[in-house]
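Here's the structure, in structure tokens; my notes come after.
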Amino acid sequence: MIIVMEPHAIPVQIEQVCKKLEEKGFQFHLSRGVERTIIGAIGQRTPSTMELFETLPGVEKVVPIAQPFKMASREFKPEDTVIQVGQQTVGGGQIQIIAGPCAVEGRSKYLEVAQAVKEAGATMLRGGAFKPRTSPYSFQGLEHEGLEILAEARELTGLPVVTEIMDPRLVDEVASYVDILQVGARNMQNFFLLRELGKAQRPVLLKRGPSATIEEWIMAAEYIISSGNDQVIMCERGIRSFENYTRNTLDLSAVPLIKQLTHLPIIVDPSHGTGKWKLVEPMALAAVGAGADGVMVEVHQNPSEALSDGPQSLTPENFARMVKRVRSMVMALLAAEEN
Amino acid sequence: MIIVMEPHAIPVQIEQVCKKLEEKGFQFHLSRGVERTIIGAIGQRTPSTMELFETLPGVEKVVPIAQPFKMASREFKPEDTVIQVGQQTVGGGQIQIIAGPCAVEGRSKYLEVAQAVKEAGATMLRGGAFKPRTSPYSFQGLEHEGLEILAEARELTGLPVVTEIMDPRLVDEVASYVDILQVGARNMQNFFLLRELGKAQRPVLLKRGPSATIEEWIMAAEYIISSGNDQVIMCERGIRSFENYTRNTLDLSAVPLIKQLTHLPIIVDPSHGTGKWKLVEPMALAAVGAGADGVMVEVHQNPSEALSDGPQSLTPENFARMVKRVRSMVMALLAAEEN
Amino acid sequence: MIIVMEPHAIPVQIEQVCKKLEEKGFQFHLSRGVERTIIGAIGQRTPSTMELFETLPGVEKVVPIAQPFKMASREFKPEDTVIQVGQQTVGGGQIQIIAGPCAVEGRSKYLEVAQAVKEAGATMLRGGAFKPRTSPYSFQGLEHEGLEILAEARELTGLPVVTEIMDPRLVDEVASYVDILQVGARNMQNFFLLRELGKAQRPVLLKRGPSATIEEWIMAAEYIISSGNDQVIMCERGIRSFENYTRNTLDLSAVPLIKQLTHLPIIVDPSHGTGKWKLVEPMALAAVGAGADGVMVEVHQNPSEALSDGPQSLTPENFARMVKRVRSMVMALLAAEEN
Amino acid sequence: MIIVMEPHAIPVQIEQVCKKLEEKGFQFHLSRGVERTIIGAIGQRTPSTMELFETLPGVEKVVPIAQPFKMASREFKPEDTVIQVGQQTVGGGQIQIIAGPCAVEGRSKYLEVAQAVKEAGATMLRGGAFKPRTSPYSFQGLEHEGLEILAEARELTGLPVVTEIMDPRLVDEVASYVDILQVGARNMQNFFLLRELGKAQRPVLLKRGPSATIEEWIMAAEYIISSGNDQVIMCERGIRSFENYTRNTLDLSAVPLIKQLTHLPIIVDPSHGTGKWKLVEPMALAAVGAGADGVMVEVHQNPSEALSDGPQSLTPENFARMVKRVRSMVMALLAAEEN
């Protein structure tokens, strides 16, 4: 980190900073300019040590240099993380297409749509058993019954299943039913949950919080990895901006950024990212153009009967069309790569 | 709600909407204009029913009319909620000044600062035993030991104590030590936690999430109230905007808005709201000017030694000056009221 | 528009609203519910008429129904606008690749890079003669000399040229040198400038303001069109959000949205949209995936010598690679379309 | 500025940076750590020089240290700027209350409201002759006739007048009619206009752009000051955030920040800042609590007849009540100061 002294900092203030740096085990160098002194400090920085130095008298600001994440960083592990899920991989060049309804609403309906999306080209299934809803008066999910249905759909189709987990008390139970545990956007900084997931034996799909910076999102991955589980899949699903024609603002530049800063795979959810089914296909194509390892989309037989997120759900027919176009694009990009 | 049909919606589409409205128990009226038909529907709306109608063919959009919250609303309960905490009240004209360090860092240090803020005019104590930290490598709180220290400080000073709770499994334990249970900004939509707090016998201080709209924040209060606990204190602590000179953007217009839309008291946290101690006093005065029922500020004997949030902590001396100015302003506003 | 009365609005207040609606030439229908009355009004709405009704006693809120733009809307003109520029078209299936340095820095350098981008596949040239700079101490452009150089490059390469115009006094002069007049993001709501451009005989490339909603952006196009010039090309270049790893947040969902709401072509600027050259190629591919009619990118022979925007500029080599990949993707999407 | 080299930067890259620093006249010091080298450089930085170094091979990032503004900064001029307007001052302890309708709508109406606000305690008048409107179909102002009316109101009441200027061609004309020239939020970065205002002999009231950072706003002031006019009054009027219960999010922490970073006075506009008249009084009180040098509010005899901004306009009665409460608060704060 760099410690920038105020223009009129006096020698005793500079000495005090240096003394404190020594105490904390930092190496440092002073640059004395005409106007002010700048101290370059090298050592183990945490957000707290930065705050500590910011409050010392005569210090104007403290500038972080190294990234605060370690185990998630590309520098820590230069090669891509490739996550095995059943016979498929997330990362490593495969494009995953995860599809299904927002919520599991009933056994026969779910099994039907699971079959339909499989036939249309989905490679994994999604469906919520526990639903975080803004209103206490909305449908909150089938809970345990939903997990049973997901397990049956997985059996029937042979496709891996992703579902959201919200309560740290339920990690083991949910993990016994599904293949990938999803952390929803609202829980991205539920640190008790992240730590429990660090002990789970399942890959975790970590959605970006609607107001999370790229750095905070990677730090949430760092919680999981540093607790013991390095099977983390990032998922961009839109951030909150002033624009409200769309439900969220899908930040696709996160895709190449996550690939540069970390070794983790990343998929994109254009259904939550836009909130409008007419935007799902173009944004799925855009996501693959940006380099994503897959997309996760909501599909419902009859969106106008869906108990949640109907307006952003594709019908199986629209979904089939999207899959076809995504596959063409992937082929073209691969071909361009090889030439 | 209002259902706006597309300009070229055909009669059969309009009929389908009307039929569905009947099914769901809505009363409705059609306005047929030259360009389009608009349907006013009156009945029990949830976000899900809106979504349902949005997906019917021929529907352009669905516009909510009534607010989605009920028990938190001013219409449901026209008089102000006044919350008794020990011998004081939150709401009802009193101005609470809640002070203390961000985290409880040790017994003697905490007891010392608790005494100091009491002498300077604090009416309640704050201090974190469990700390949600962006980095897994930062200090995470003294946990159970911290609760014991808080209880001792309460005994010593006679002041009520506020502390954050993050894990739904710990509600009973934490409630047995402190007077007010705080929901941190990152957990505002941790619905499992909110529901547990709805069963607690303690007032809840509900911080606004950094990307929560006023409506979502009130819906979080609605979760707690509808689960059985109507002792909710709202706390504005800044929202995330593009501006980054300050840690957050303190949205003081939330103060009069919460008073207009709900019957709940509201306090303001200018320490987290700005992230800079030099801004804490002016923003505390501003909060009281805006009509807040109190402020919550961070105070530390030695901010440069604080294990968290040092840069936004006042010293006891600065805090004493702030209390004095806040008290003068409150008097002046009351005097203006009476004339 | 819909006028929602307060729950306790009294009959005389409702009558007053109806009387005012009559005065202003609106047709209207009342829906009287148990809780409140809702009035659907059909007629010529402007933002001002909405405001007028919002201030009448007993009115809770006024909800707009019809879009405030007319001549830019897809309903006004269902077929796509295709803009002829030299022998090319913007819109109508062609993908334009507009390239060049941020600023024209000198004659020989500009002519050299113009040739280089042409050889690499650019279809139009860009370059700033007048530069809006945040700091009064930064390079402000070669101004009139820059225009001469642009005209020479156009002669030399045969490619059309785009340049920014900021001062309403200079529209005629700039239009005499270049093919497309660009409105920069900071001037999107410079209404005097927009009106002057409405009288120009040149297509206008209208960049989205960093905090402009989709609706405000289309309203800016409406200013130009309603002043007499319907040759408007929209350009998404990123909005301002809390994320600051990137210079702006490129909102690619604007691409399909503009195509749904208006008849205008839209291109994307991933250089300003991200601020980092390493993100330019992935985001250009994403833009084309989303359905954009082209991309505009910054290219500089030697980015580390550029007088502005170096960090987001591609070298001619990187640009050539991008063009190749974009072209492959376009082919694949067309092929998928035809099957 | 600080130049941070990549972890694996090679010696020749470091040398190249140093050579370039020398060329540009910077002094510099190297800090070689185990992981990376950091270069502290002291000299004249502009945004462009930062960009230049960012593009050199081996450079990871460039961190600004000194603020980019000079003449506006507190360091350049430690004492407060106090601006004389007629017999009053903006800054220097006086609290200005600027009031009037959004737009001048007609002679007799304007003169009437001008008298009314004077009697209620306004110290200056406001009113728009040129109105920037989002829609080309809204009322655009009385233009030159409006200026004549403003001059007459100033004669009649003896109060100074503030009005907005949008077109750089009209600076001299507008300055001949009014006392303070206002730059509207949408024109904060209209650099041609700012430079013209730098040559004017009138104070400039510079509104913050809805998406402008504090730094960009101060840079806009720097444009005016560096062009020759140091009579700049800053005006906070809300920034754009995701919250849309209010028209904008009034960022009151800007008040103490501007006072710390610059020597300029600052006033607050709670009418545009909130968009709702019921929030104007509490936010005016909050602004004064935060330390503002005044407030600017919209007052209209009959808000429901206003041609613009009716919903945020106070009636003269509400305005009188606000003035009374603001005055009491100012007295109390002064009294607290003296004790």
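Observations on the structure shown:
Every chain is named by a letter (A, B, C and D) in the order it is written, and numbering of its residues begins at 1.
Simple rule for what comes next: a residue touches a chain if its C-beta (ideal position, glycine included) is under 8 Å from a C-beta of that chain, and two chains touch if they have at least 3 such contacts.
As the structure is a computational prediction, the values presented were derived from the model and not from experiment.
A count of C-beta contacts for the chain pairs B-D and A-D puts B-D on top. Chain centres computed from CA atoms place D at the largest separation from subunit A.
Computed from the mean C-alpha positions, the centre of subunit C lies at a distance of 26 Å from the centre of subunit D. Distance between chain centres (mean CA atoms), subunit B to subunit D: 30 Å. Centre-to-centre separation of subunit A and subunit D, using mean CA positions: 38 Å. Each of residues 211, 240-242, 244 in subunit C touches at least two other chains. Chain contact summary for the complex, subunit C toward subunit D: residues 46-48, 51-57, 68, 132-139, 166-169, 186-187, 189-192, 195, 209-211, 216, 219, 222-223, 226-227, 240, 303-311, 313.
Across the interface of their complex, subunit C is touched by residues 211, 213-215, 239, 241-246, 249-253, 255-257, 260, 273-274, 278-279, 282-283, 285-291, 324-325, 328-329, 331-333, 335-336, 339 of subunit A.
Listing the residues of subunit A that touch subunit D in their complex gives 2, 4, 7, 27-31, 33-36, 38, 40, 42, 63, 65-66, 75, 240-242, 244.
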